[in-house]
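The structure that follows is given in the form of structure tokens.
Letters A, B, C and D mark the chains as written, and numbering starts fresh at 1 in each.
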Amino acid sequence: MNNIIRFGVSIDEKLLTRFDNLIAQKGYVNRSEAIRDLIRDMLVQEDTAAPEADVIGTLTLIYSHHASDLSEKLNDIQHQHHDNIISTVHVHLDEHNCLEVLLLQGEKQIVQKIADNLLSVKNVRHGKLTITTTGKDLS
Amino acid sequence: MNNIIRFGVSIDEKLLTRFDNLIAQKGYVNRSEAIRDLIRDMLVQEDTAAPEADVIGTLTLIYSHHASDLSEKLNDIQHQHHDNIISTVHVHLDEHNCLEVLLLQGEKQIVQKIADNLLSVKNVRHGKLTITTTGKDLS
Amino acid sequence: MNNIIRFGVSIDEKLLTRFDNLIAQKGYVNRSEAIRDLIRDMLVQEDTAAPEADVIGTLTLIYSHHASDLSEKLNDIQHQHHDNIISTVHVHLDEHNCLEVLLLQGEKQIVQKIADNLLSVKNVRHGKLTITTTGKDLS
Amino acid sequence: MNNIIRFGVSIDEKLLTRFDNLIAQKGYVNRSEAIRDLIRDMLVQEDTAAPEADVIGTLTLIYSHHASDLSEKLNDIQHQHHDNIISTVHVHLDEHNCLEVLLLQGEKQIVQKIADNLLSVKNVRHGKLTITTTGKDLS
């Protein structure tokens, strides 16, 4: 079991009122959880800064399924990196556009390299890579 | 069928050499595709700037499955917004941590509100929302 | 005088230890100040989100002073917006490159428009606009 | 003298029309300059990625001048790093708030460390560090 402790924060009353209003609007039920989230955000930024950090990557790709052999190309590249691709999910957005989201894990620089390889394929219309934590040491 | 046209760009030779090296390293097979990607990035930023823009959101959540009734809470919130949640994918990262990625579509401000509601739940350790395009008008 | 109050935060001990180490490394002398900074960051993000928000903008421009009449062009554009430009500072970086930083104040959308106008001038090699708060309501 | 060359880009007509509209709105007088800016942005991201990269940093600080000996503290820290601080500019925003912008140059990790030291001082209400290029190799 983890050990829960309590510490005090001194703060200007007006600033605290503004904070309380904002976190209520976001859906927080108490201050401690909002503060813990701010602390975890700061730690995750630090944890995922180094090129060698073990990270989770979420790669969002938008592409046209009309492009001949695009699916195969994307598939080929993905298979070369199957060690780092946990799974993928595919959505048919409209008659033309597909949304594909890849969940990646591994060294940040490798995750970024895989994303570069997929984003540079012709007819991939847009894409974004989000780097986050594996959740370790964030209890 | 779309109409493909060609236009010329004048540029300093050294700058072009640096660009060619960087895009080769990223995996591009020609300059046109790299330039089109830069243009689409710029348009997507514009397309997704307004709170009312129709967008795709990818929400990456990391949480501990030990927390009692957390899954139910997350599920409850998601069901209230089933119109905007296309699908979700779940990964058991290790003994403690779960990765859940939600694919969202709708007005940017609604997508952000749903993300706020989920991220503020206790025991959700970390999360990030990425906003991207639905792919319309990016042919 | 502002009224200072104190509230308690409950947190896992290991998480707090990691936080304490990180803020010590950044130079914080106590937890309260680090927590207040996290709270203010969150409020500033909210305060500066709307296009009509009153903001401070810091525009960093890098350009070559060899380009004929570039300084005049930049000056002309700046004078059209003197109401929003508080001051500028100029540095001769090397034989070729100048660094110019403009301090802007006003509606976010106007500050962004002025930045667009300056960044689009030929021979401005690079630039970045940072949006921050006027400091009001952050006591 | 630098050597200017010209290359062709093939693109869908509708995409080009959208690009032309957007860059006109931003103030570009021709496509080449807009394309060069996109290319330089991509190179600057690469140039400033490594912790050892030589960069320009613009640090924007907002603080209350009422706080006793804050100016001296900020001044002390700055003098310890005078090698990396090119110059600073100060603005009296209102009765309470000061805006101070520091122009920094040096290794990215050192510039970030200096920013951390200044941002962690009590009564500095907010701050943001922007990293950009020294302009070298961007002709």
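Things to note:
Simple rule for what comes next: a residue touches a chain if its C-beta (ideal position, glycine included) is under 8 Å from a C-beta of that chain, and two chains touch if they have at least 3 such contacts.
Quantities reported herein were computed from a predicted structural model and do not represent experimental measurements.
For the pair chain A and chain D, the distance between mean C-alpha positions equals 25 Å. In terms of their C-alpha centroids, the spacing between chain C and chain D amounts to 9 Å. In chain D, the positions touching at least two other chains are 40-41, 138-139.
If you draw each protein chain as a dot and join the dots that touch, you get one closed loop, with every dot joined to exactly two others. Under the contact rule stated at the top, the pairs of chains that touch are A-B, A-C, B-D, C-D.
Of all the residues in chain A, the ones that touch chain C in their complex are 2-16, 18-19, 22, 31-32, 35-36, 38-43, 46, 137-139.
Contact residues on chain A toward chain B in their complex (touch as defined above): 23, 25-29, 33-34, 37, 40-41, 44, 56, 58, 60, 62-64, 86-87, 89, 91, 93-94, 96-97, 99, 101, 103, 105, 116-117, 119-122, 125-128, 130, 132-136, 138-139.
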